[in-house]
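Here subunit A shows up in two complexes: once beside subunit B, once beside subunit C.
Up next is the complex of A and B:
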């Protein structure tokens, strides 16, 4: 295992690990490789995958956003509440407002982190509590039903047999891999994470870059919320509970370093897929949800530990 | 008759490629202040580190009260009564004065076995009053002034029964008044029989408070003089010794008008009424000792240090600069003092470092144009003769000289008309130094105005057209090229 990890680069070894999991589960369950299971697996990971893609950039810049789950919940509640009014606004406007919820939370996060120089973990932890609380207040702790064609199509429709959430996830991954790996903005993000002081001396406007990242992260979370509302036909304050943990685990599993400056979109895609396959495979093999949670926690710790051990070896050499 | 408190005999210490301390022997009597002087890199710090247990010597012996001792850790140094007060104070700022003084040995109540705060505070007050200080033992150290923090450190040392006290540039960050108070404390300690090794660049104070002066240069002890028989110029020539190296290029000055001017720059308590101008094609040197404010002047030009008042003019027009981005817009380039933390992104490749300051120029769209980026990297690798296996090697794997060239290259890629360079050749080998000087010479000929901040005296004297000497935040003296020698420069800089 160790030898493989050192010879191959991180992303390649992740995809090999993914392949092993798929082979393993195809033996443990005959349903695993069915069209229905594969599409439902991919659809399920799409919604957290979108948030994970954007979070990758934040972690590379040496930040963190744990308000994702709260924003998802608040978005679903806001959208469902607006839709359940007697004379609702047009759906496109409601969805836009939904995305605006994430943008505003992201803007506030970004402002605290850049203008007030607050710690990203604490800032977004506060935002998580506030957004979740607001969701409960607005919905009066009730689930709000929402049967609506557009959201239903976004979450359950398909183009050429490919479910739309998967298409949204793939497009997000593609757009952000170009942004991160090919663009000037992406280079600045890496530079900020690798050494903020030298980035500042190099004339990079750090604050505006960070602001953009947190706004994008908020919007991505709201987009996840929109997909979730279509999948469940309900807006409720509990939506997205624990999603931040899932998303952070996927990003770190994909080789992005909490210490900043390192990470790729391909790695995160691999991380999201591994997490999705593992959960799906274990579930259909009969493992209970409560046990899966323990698995997820262990996986997060293993991902971080692997990174720490690798860094220590690099330093020792 | 004073007894010998400390004796270091034939001490040696080598690092890869350099003999930091070479066969040095010094002694210290009780109740004596021994000044230790030398240029940057002379070996003073290494010598002190071996005495304090921070470094282990390769060979040599240390005697305390004529008994040979092994000093191989800070703890063993403390046990032998040696304490150091470093220039960067290492107080625990969130704790109280008493906790700092008694760190690790707070007195316990006999019955409850809990900390006896009353006793700790009482004893702290006693130690502090020995030092003529009325700092409240309950105060949080972080709220104290630098001078008070120093006193806390001294009190801590006294409490640990320090017989040998080493002070590294203690007045570097102190006002004149606080310095005087510190000298009184030093006097008291002397009378109590403590031996003090006093490291300072400031000639005046070394002559005022020391009994003898030892001078180091290039890792060797050059000599020890009794202070009252010594002459300042003599000490300075002992420190410098070497003649100006021959490899400095002769840079002719053709004045082509004023490119850059600062008017009454002030940072409260740090720099005061700084005025100077730089012509196109001119190199103006700023020389000052540690803590003189030179670095702050340089940093305030690019808006990293915020000025309280003052103006910056470029080509006759007033500009406002709030940070490196603004300074780049105004065609000011900056080579920072610390290439590893401020100048470079060590995990980035050579190519990505060289293009980082010119990201906007890498193609018209938001996508990086790889061929433009490659050509930038290749241009500077060739121009500055950067030795690297490829453009994709991480810069952390390169030598100091090549790293410094990359810092220079990434800044020059922005085509600055004014260049502020801070210690451009610190920790750089001779070959790379020559390449860097050659580059500065070329820039002058192209009409770039250069502000050089350097503590390397031969360097600043040789390549500057004018040198401004800065001390305690003010410009004290201006020398035109050839007007000053090394002694003059050091002499002016050590006045306050």
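Up next is the complex of A and C:
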């Protein structure tokens, strides 16, 4: 009971913080609350938000996936290259192959982490180098243009004035919050993160769960890549550079603990929204990009420090 | 033959295996490409590794206490810009420039160390944050530097800091090689023959035991972070002197290669174990691959960008091999009992 109270508290305070930001920026810029700005803000965050939601599960299980940015880059390059062939495959197949790229990378990550018992950070760091490198090799360091109706519709279309990326983001959030908070699989993820050995003794097959998580993370990154390629109409190896930092910041901001076993999807959604509103609001108020980067670093540190100190106080009590 | 192979794979000392790997690489590139095996090319390989080698040394200190510092590439970057800024805008003399850059590098290292030890945030997240933070600061300063059109350094005294040769006329030993040798030998003595160096290993292998043994764990860690920051700054200075140029994105993607080299060199990420000989050979291996791939692209159609893929694969192989070795040793221990 107490735990639920704390959870609500954290997420609630995040949403209060978010509301304060929105009020603040609606004063500093008259364009902030316009329909155009709000949809573009939400569209922009939905691309990293999808990856953030799946990463939440991984961090709860005490893992980490840094290869997200590399997978995004590789996916856009693979899709654009396949499409720019003389006799291209049908679009649905190309998009499926794109998702397959993420699934394969996730599978390799999962295999290294579970079967070989390798450190997740270093494994995915290696995967990041490999995916980014392959993206450069395949594209020969060029940008590949891709004007295609389906990807354009996925990224720029709208149903009832709601842009489709936002719908994809919301559906992902919904599906994963049910998966994490209401299903047996979700309980297992928390158990693995809280104490892997006791989870194993209570009969949870840790390896298969972890494998599924990393594959899902790869697919989510590829989905982000597909949205990105529709938004920019170009596949290039630099796509998604630094996305991992953004995504990790959002997840940790949302109250998920790096030490595992703690975190919620709502928190991550709040974290993604706060980051998006903050950067959109600061940009629209005329703050330069370099200062945003400094801000992002500070925000990550402050968020994690706050939770760290809070946990320590609770333990002390 | 088989026992020999087994001892290479499973023994704890991987310096021998690394040396053999390096020799194989050199032979491979020499046979495949016409210009790889030449004195000039070896000089160019040596000329390309100083910043890497110095950064790896810095990271080794942090990894030995069981942490990871991802911000070192950013510290190198901000030093590159600051060196230009101090030199061109503030007009510092060389010695003051070097001193203040290394001092500032130490400050950033101390920032990392204080956050990790005092607040207790995981080192990877801390340095991921400071990585973005310092890179942002670098771009900020660089905007001013760019506006004044002063990115390049032409002063011979400063350039000689990275380009000098001993003896001067026969161009035999580059000064950067001297730096590497001095820093590695000094670090070797510091780590293995001083009590503070042994404390670093003690903290890395078991923090709780080290604390019970009366070691001030936080101070040891803090010193390692500061040393890493200072070494990165020094690496940045050498790089600027070599290139005659400081840019905001200097060292942007360097940290991945640095982590790869340190891990490949046999330094345990969990801390407490690792030798500098392994690290320097790993640096050479990556340097040879980077150089060799360029030669290979000229002869065959293999894209130069495969080197990034190769880097990632080598990192995974190094860690994978370590994991396999660990479980093999554990099994052997069990059967013995």
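Just so we're on the same page, the second predicted complex is superposed on the first by the 309 of 317 C-alpha atoms of A that agree within 3 Å, B and C clash if a C-alpha of one lies under 4 Å from a C-alpha of the other, contacts with A are read in each partner's own complex, and residues count from 1 in each chain.
Just so it is clear, a residue touches a chain if its C-beta (ideal position, glycine included) is under 8 Å from a C-beta of that chain, and two chains touch if they have at least 3 such contacts.
Since we're looking at a predicted model, the values are computed, not measured.
When the two structures are aligned on the shared chain, A:119 is found in touch with subunit C, with no touch to subunit B. When the shared chain is aligned, no partner comes close enough to touch A:157: not subunit B, not subunit C. Of the two partner chains placed around the shared chain by superposition, subunit C is the only one that A:258 touches, whereas subunit B remains out of contact. In the superposition on chain A, contact is made by A:184 with subunit B only, not with subunit C. By the touch criterion defined above, A:194 reaches subunit B but does not reach subunit C.
Once the two complexes are laid over each other on the shared chain, residue contacts for A:203 go to subunit B alone; subunit C is not touched.
Contacts of A:290 after superposition on the shared chain: subunit C is touched, whereas subunit B is not. Put subunit B and subunit C next to each other and count what each touches on subunit A; the higher total goes to C.
With both structures placed on the common chain, the touch criterion links A:127 to subunit C but leaves subunit B unconnected. Those residues of subunit C that touch subunit A in the shared complex are 68, 115, 119-122, 124-126, 128-137, 139-140, 143, 256, 259-260, 263, 269, 303, 305-313, 315-316, 319-320, 323-324, 326-327. Residue ranges of subunit A in contact with subunit B, taken from their complex: 178, 182-185, 187-188, 190-191, 194-195, 197-205, 261-262.
Residues 64, 112, 116-119, 121-123, 125-134, 136-137, 140-141, 245, 248, 252, 258-259, 290-298, 300-301, 304-305, 308-309, 312 of subunit A are the ones that touch subunit C when the two sit in their complex.
Within the complex formed with subunit A, the subunit B residues making contact are 304, 323-325, 327-328, 334, 336, 341-348, 352, 356-357, 359-360, 362, 366-368, 410, 414.
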